[in-house]
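Have a look at this one.
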């Protein structure tokens, strides 16, 4: 394979051509991760959509609240697995392994979260998230009740559902654009650091 | 029914308690529409998410491009119908009737877009949008080819798919929060203005 | 659009060519409604089937019993929505709005009956009806038990299930023939009479 | 099993208590078949619905036209198999074996009509019928085209679709009432007459 | 139909060309049944796979244990019906009728096991088997609990699930090869012996 | 987590208690792989089934033919992903990475084989395999034609379908027993050997 495979069906802008704020944000990620996750380059084709996407992502994934960062990523991986989204399973699977300090958890949650090594609390969280992902029109009071039984507040329920909803969008954007995960993600968090 | 039905499962902030920018935006909509669509009040429970949601919505629905405003709303109604989302079918159905100056189109598109009075070009647009909504993991080159045959550019294809993706999120947020459409929407655009 | 769109894929008989009893029945409806609902014209292509269809419809929808007329129409709208049948959602939605004196109820029930403003009793009725519409082979004693808990007799259960079954047929006839709802239905019952 | 199993969840009227026309019709069937098919007894619980059901059935199944009687029964068996309806598969399977003088055809068509020993023309007929049974909202012009390619007129298409639609109703009535097929049906048409 | 229909899409070996052990096994079945079930001829195209298939079949179907032979065949017929597998429904339906001494049971179980004349214990057995056939990834502890409530040991549960799993394979092999059931099976066990 | 998680819902035999041939086979795998894959221990609970399973596996996966070993494993991973089977995705994903000398391929194929970096020939192979896995009753001549267009012989087609069928069984056994993949598999084949 002489050429690198395309990362998008659409044109991918050169960093130099991007507005300053977007280039700055991408630079920031690169400094931290050591590479630029393709989602930034693919979505930068549409600067306004890029800005809104990133702002929404940060509002849901970086905020304080009852869910740990690992739990948020677990929701992403479970619902992206249910939606057969390669980019999100691979990229967020990497982040989940790192946050949860668990090299096995992402594959378990992506393939069949019912068989994953998770606590009953997290199982209830994932049941709610996957129902929002696949059958949101059937969500009712009993779904909230079950979350409460596991100690989740209603604000936590919003977080779980909103993350599932945001990645319902992301999964469709990734599948529609043919977004390709960076090769780097596949191995991240699998080998314990010494 | 003495009390008005709740418009959300979650707390709804009073306008006076909202940050200035959000209250300003809501005021603007009220001045234009004559009432505040409930989506603004329901999502204002989370100011940061509100801002990102509105920015994303505007980037997709208010931009220039190959799709008319009526066509954009048609995509929203067709995919929201496929997702059984009451709020989005009712609210965007009203907007679609007004933009398309067609009192019948929204109900047709929401119930079964295959039977709607639309041109073959719009039918192809809705087929693509509904595939992104329901089976995005199967989108492939042939789907883009079919859009091109009907005169859509690839930028149009992005618009169609991104609107379907954004409302995949909105539909889930509405179903999760139990968002109730304002009564005003049901009749809007149905009676011809004289 | 200079020509009116076709109301059926099949030939539509002229009123003058119809057998007396069928023309009489159609005249009766026209006198009452002010127009002839297209279902009568489309099915009149087959006089014997027309007669049986109308007789069956009347036996289920006009009979006395534990269900109000509004409730019967509500069953029609919910199951027709589940079957994506444009004609039945639009035509019976109009009748439902009038019988229930509620301009919002039809759209709610058609898009997602789980979010409609209905009593728990009516919710149970619609759950049974939609199960007959979509998964009749799984109906069992527990479904009847639940209806009884909400005060429905077994004769009521027959009515609910038989209406859902009859419109399983009607929905398929309408979708197969490309039956077009009359424009008049869309607005009926939406504007309060003074 | 000392008691015979119930043939319906609902009360089954005694022949003596039935209106004359219904008793007459049932008597006629009994004289011809040697026993009373349970569908007549189960539906006689509702005399008006009984009359409409039988009239509709006869209008579709006994009329002249481009479909043979065996073909009509074949449509019933294929769609009833797709709907998991025990009564209709067993009762109409018996009739199909007799009309088609083929002891194997009913089981083939009920289990997987794609593997049945049928001509390409009958295969096209069954494809149309099963699409009306399961996905009627997607029926479009290409489905009619395919029937025409196999020599079916549009009137034949109506017959195929209307039979599939009528049995969509019958299957739901049978599943809802727990209608039990008579033991006699299971063996009928399996042993060649000498 | 001058030629007998093919029993496989693939070449079917002549008995004389088969390895001794396979010909011996086939001879044995023929002596017992009076004919050679086509599955033996179709799979003999691949001798090593034939041997493993037969060994696996015998390990599950001929072993001692808490399930009667009729119950094992009932699992085969219910899951093969769920998978629309003509060969297995017809061939194992015949065996089920004979083992259960019940000429009606196979058709009941194949079309809709929920309506079959079976004990609550057997109903629970079939619910578990069909869940393994159709939704194995959702099997959890509650499914095992329900079996225990009906007196099944965990070894019985393995038997039920393993038979359902083995015929998940067989059904796919039969559907893939176009395996045709022998005509003899259709009538076997339907006419009481005197 | 002080105790290692169970690898099966059922008793797992000690190696010392196993029949010689089974212990020998397991020893062989351990010598080669450096550990005992849990499938061997879980299935050894039933020695006869173990023997048949292994013989069948070897007949399909170790034979000569038109499919490479990597292609066989690719079929396993794609169909196991479609069936949400954790054990098979993880264990065979490891083997696929090694055989294909490609650290990315297994995750791609498991999550969404349509987005995997595979040749059109392999894409056609996986389309056929996944159809056998999910909709085998609809396999027909056109599916075989498409394989031939990509250079597959009919014997190759049998291999593809038979592997998909065998793992339809394996996936159900793994899901039913709660079979846990060994931790070792997750990392195998991901880090290039130097």
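Observations
The chains carry the letters A, B, C, D, E and F, assigned in the order they are written, with residues numbered from 1 in each.
Assume a residue touches a chain if its C-beta (ideal position, glycine included) is under 8 Å from a C-beta of that chain, and two chains touch if they have at least 3 such contacts.
Not measured: the values here are computed from a predicted model.
Shared contact partners of chain C and chain D comprise B, E. Over half of the residue numbers found at the chain E and chain F interface occur in both copies, marking it as a same-residue contact. A centroid comparison over C-alpha atoms places B as the chain most distant from chain E. Separation between the centroids of chain A and chain B, computed from CA atoms only, is 24 Å.
Centre-to-centre, using mean CA coordinates, chain D is 44 Å away from chain F. Averaging C-alpha coordinates per chain places the centre of chain B 51 Å away from that of chain E. The set of chain C residues that touch two or more partner chains comprises 84-85, 112, 137, 175. Every pair of chains in contact is given here: A-B, A-C, A-E, A-F, B-C, B-D, B-F, C-D, C-E, D-E, D-F, E-F. Remark: chain E residues 112, 114-115 touch chain C in the complex.
Within the complex, the chain E residues that touch chain F are 9-10, 45-46, 48-49, 51-53, 55-56, 58-60, 63, 83-85, 132-133, 136-137, 139, 144, 154, 158, 161-162, 164-166, 168-173, 175-177.
Considering their complex, residues 137-138, 140 of chain A touch chain C. Residues 1, 5, 81, 84-86, 89-90, 103-104, 107-108, 110-112, 115, 117, 175, 178, 180, 183, 186-187, 190-191 of chain E are the ones that touch chain D when the two sit in their complex.
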